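Structures for review follow.
Both complexes below contain chain A, partnered by chain B and then by chain C.
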Partner chain A sequence: MDYLVNVAIVISIQAIAACGLNVIVGYAGQISLGHAAFFGIGAYASAMLTTKAGLTFWGALPLVLLIAAILGFLLGLPSLRVKEDFLAITTIGINFIVEAVFLYTPFFGKALGIGGIPRIYVFGQRLNNQMLLGLCLFFLALTLLICWRFTRTWAGLSCFAVRENETAASSMGISPVRAKLSAFVIGTVFAGLAGALYAHYVRFISAGDFGFPVSISMMSMVVLGGMGTLWGPLLGAVILGILPEVFRPLIDYRMFLYSLLLLLMIRFQPGGLLGEHSFVRTAFRGLTGKEKGGVAGV
Partner chain B sequence: MQLLFEQLLNGLAIGSIYALITLGLALVYGILGILHVAHAGVYAVGAYVGLWLYSLSGTLLLAIPGSMIVCAALGVAIERFVYFPLLKYPPYVPLISSIALFLGLEEVCRIVAGPDLLTFPAHLPFPSFTVGGVFVSSTLTAVYSVTAIVLVFLWFVTTKTEFGLAMRAASQDMEVASSLGVDSQRVVDATFVIGSAIAALAGILVGIYYNQVYPTMGAMPAYKTLALIVVGGMGSAPGAVLASILLGLGETLLIGFANIPMPRDALAFIAMIVVLMWKPTGLLGRK
Partner chain C sequence: MLLDVSDLSVAYKGVSALHSVSLQVQEGELVSVIGANGAGKTTLLKAIVGWEPAASGAISFAGDEVTRMRTHLRARRGIRIVPERARVFTHMTVYENLMMGVYGLQNEVQVGERLDRLYDLFPILKERGSQLASTLSGGEQQQLSIARACISKPKLLLVDEVSMGLMPRLVDQVFELLQTLNREEGLTILLVEQNALASLKISHRAYVLETGDIVLDGDAKELLADPRVREAYLGV
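== the complex of A and B ==
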């Protein structure tokens, strides 16, 4: 039981970060391969504020989110200048540089990382793992709600417009600058939130937890589930979180199966499981018999 | 002073190796516009196949061409089965597929050859000599000579032959080139053959230079070479070579003389971000 709770906590934390990445990549169409950097910034910020400055998790959280938002804004600035491939490489570079800063600055504990991060208290009650899972699920629900609301706001709609055609969007009076930056800030705030939860869950963090492979696995979740869909990142996080546990006996081939799955998915189904024209959606439509008339030939 | 010269020689060798790996990436980006991260996987496979053939036959004369052929075939297979069908999607789709492919190749190396560090005990038949009290080892001369030969060969192929003309035409506009009678599929195949064969050569050279071959040897080159083709100017082969050699020298000097609490691996990315912000076309980019 405790094992299942631990798996569920990790999945829900990763799902929060993946939802954040989905806002940047799926909604605003800005490719980011450095999301783990912001996950790490959230984790380190919360760890430093609680261990060194003596704040509680709840006292630190607003500051952590503010730091993530400011750094998301600053590092979102390159996205205004570079596009697509260049942006992807820039974000990879940001990930490597942030990881190097954590690893080589004495202030961040260098290779030893930061230990002794306190547990979370709610109303004076120390959270055990079950209650922590409840808290993570609460934040996950909040994240999904905000994502859903965002797609209904003016900022969200302008993100969609910029994703589809930046030139056309700006000729209609939509500011691509504002749309992209709002997506970056929202996405990195969610990553920061996930990072803070992660730090207080594992209670010991080091730079290696936030390396480029973590960014890839977050990207895999979004791609697998379906970019730009509301539930896709959650589905991706659940599948990629459960698979390694199911394949435990095949632990030696785990990374291989992981990369094979990602390759097959992006090669044959770039829209993801819940994306448009995906086989899941097509099968679902066939079952329910809905929308048959609208889409010819499906 | 002597130390400085030795550092410069080492830096030049590291830069030459970067250049050999980055060339393939620059060629592929120039022609297909794809960031071929899996190229570093091909490079690691090249080192492993080279080592395997060397331990079977005992001679590099068989190991080097054999590994180059295997990698060339692997490169063309990647292009045909993964990249070509994905060209119609936005650029992040082939990029992610390439990263997945790279991780897969790395895992195949680990599963087949084991996770341990292997040694590559081959000796390269190149002379060693001493200039002004500085010893230049035979591996160093080997790295310089091989790089020089590859560069001259590539320069000759791309500028003096009809095939090179077709290649340059296809990299400017593949559709127009095809309509003028260039067999673009063949040009793309050949680009992957050349790039992947050079990667295999680089893998074997690195294996001998450091006397080690291991599954994750492609990990740093995979992303560092991306930074290098940006700094050099996307798709510009001379720019990629220039950026590689500058980075090799810069890294060694930084480690040797400056006491900066920054790993050498972050230097490439910092240089890249600076270049992207100030001169997005790179050192020798077009336009």
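== the complex of A and C ==
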């Protein structure tokens, strides 16, 4: 039972981060292969604020989100000036730099990482794992709600327009830079939130937890579930979270399997499992006879 | 003077595409620029809209210089374009496409009223409102692109090769629509076309562009009768 709870906590935390990545990659169409950097920034920020500054999780959380937003903005600003493959490389670079900062500066505990991160309290009650799972699910629901709302705002629509055709969008009064940056900042804030939850769940973090492979696995979740769909990242996180548990003996081949899955998806179902023309959605349509269209219809 | 382009030059990687082009459009006019493929017509519109930087010269719009202004800010001031091949947002519904046309102006534009007006002109867009734009035919996408550009009541509408890839019957229809928008709504239009005959017929004035230079300009009717134009562009 406790084992299942632990798996579920990890899945819901990763789903929050994946939802954030989906805003950047799926909604605004900007590839990011450095999402784990912002996951790490959230985790380290919360860890430092609670262990060194003596704040509680809740006292630190607004600051953590603010730090994630500011760093997302500052790192997004130069990155989003480049496109596609260059953007991919730039974001990979950001991931390695952030990881290196955590690994080599004494302030962040170098290779020893940060331990003794306190548990989360709610109304004076120390959360056990079941309760922590409840809290993670609460934040996951909140994340999904915000993502859904975002698709119905002008900012959200302008992101979709930029994803489809940046040039045409600009001729409609949409600032491509602003649309991309807003998506980037929203995405990094969710990564920061996920990072904070992660830090207080494992209670010991080190730079290796936020390396490039983590970014890849987040990207795999988004691609597998369906870029630009609301539920896709969650589905991807659930599948990729359960698979390694089921196939424990194959744990050493995890990255290989992720990459293989990523390639197969891009080749045969680029829209993901919940994408527009996916077999899942087609089957679902056949069952319900319902036809939905448009970006806000996902 | 609504649009004043003076001595505008544009170059792609050092290769000059427009040389010192000057052109004016008055409020309420329908002006066309005709010329062969590669004459620089699209480049001219790209520079006016801000997609291509000007190498030299100046563009002023409604009295303000906009030469170095970014595209979305020019759009906010009322310059809208119907780009080549429509460029609708294919993964968005027809209605969502139209709504993108009033982005940032939703409080200034009477959206409901404008939609009614445009649905009168383009009934197909109302019918297909909830369909993805990718399901529209080429002609319908062109109509959507025009409607999307017009919904904000722009001061100046730029139209790039609207006849390209359309069946002849549709070409007439689209040109008729542009004429209606100009005569009835008072929309100022700058039209760039390879189809010289159709565009000259509905225009007040016209410019002839040849490999980056304006070689001729004047009243559209006079140009229709001009032997040089007749020979080179009307095929008579």
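In this section, the second predicted complex is superposed on the first by the 278 of 298 C-alpha atoms of A that agree within 3 Å, B and C clash if a C-alpha of one lies under 4 Å from a C-alpha of the other, contacts with A are read in each partner's own complex, and residues count from 1 in each chain.
Keep this in mind: a contact is a pair of C-beta atoms (placed from the backbone, for glycine too) under 8 Å apart; a residue touches a chain by one contact, two chains touch by 3 or more.
Since the structure is predicted, the reported quantities are computational estimates derived from the model, not experimental observations.
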Request  = Considering only the touch criterion stated at the top, classify A:Ser46 as touching first (chain B), second (chain C), both, or neither.
outcome  = neither
Ask   = After superposition on the shared chain, which partner residues are touched by A:Asp252: those of chain B (first), chain C (second), both, or neither?
value = first
Task = Answer with first, second, both or neither: which of chain B and chain C does A:Met172 touch in the superposed model?
result = second
Touching partner for A:Phe160 - first (chain B), second (chain C), both, neither = second
Inquiry  = Going by the contact rule set out at the top, does A:Tyr104 touch chain B (first), chain C (second), both, or neither?
reply    = first
Key: Greater chain A contact set [chain C / chain B]   = B
Key: Contacts of A:Pro78 with chain B and chain C, given as first, second, both or neither   = first
Intersection of the chain A residues that touch chain B with those that touch chain C = none
Remark   = Counting only contacts in the complex, chain B reaches chain A at residues 33, 35, 82, 85-86, 89-93, 95-97, 99-101, 103-104, 107-108, 111, 223, 226-227, 230, 234, 261-263, 265-266, 269-270, 272-273, 276-277, 280
Request  = Would you tell me which residues of chain A are touching chain B in their complex?
outcome  = 25, 31, 33, 78, 81-82, 84-86, 88-90, 92-94, 96-97, 100, 103-106, 212, 216, 219-220, 223, 252-253, 255-256, 258-260, 262-263, 266-267, 270
Chain C to chain A touching residues, read off their complex = 49-51, 70-72, 75-76, 80-81, 83, 87-93, 95-96, 99-101, 103-106, 130-132, 148-149, 152
Key: chain C-facing residues of chain A, complex   = 154, 157-158, 160-161, 164-165, 167-176, 276, 293-297
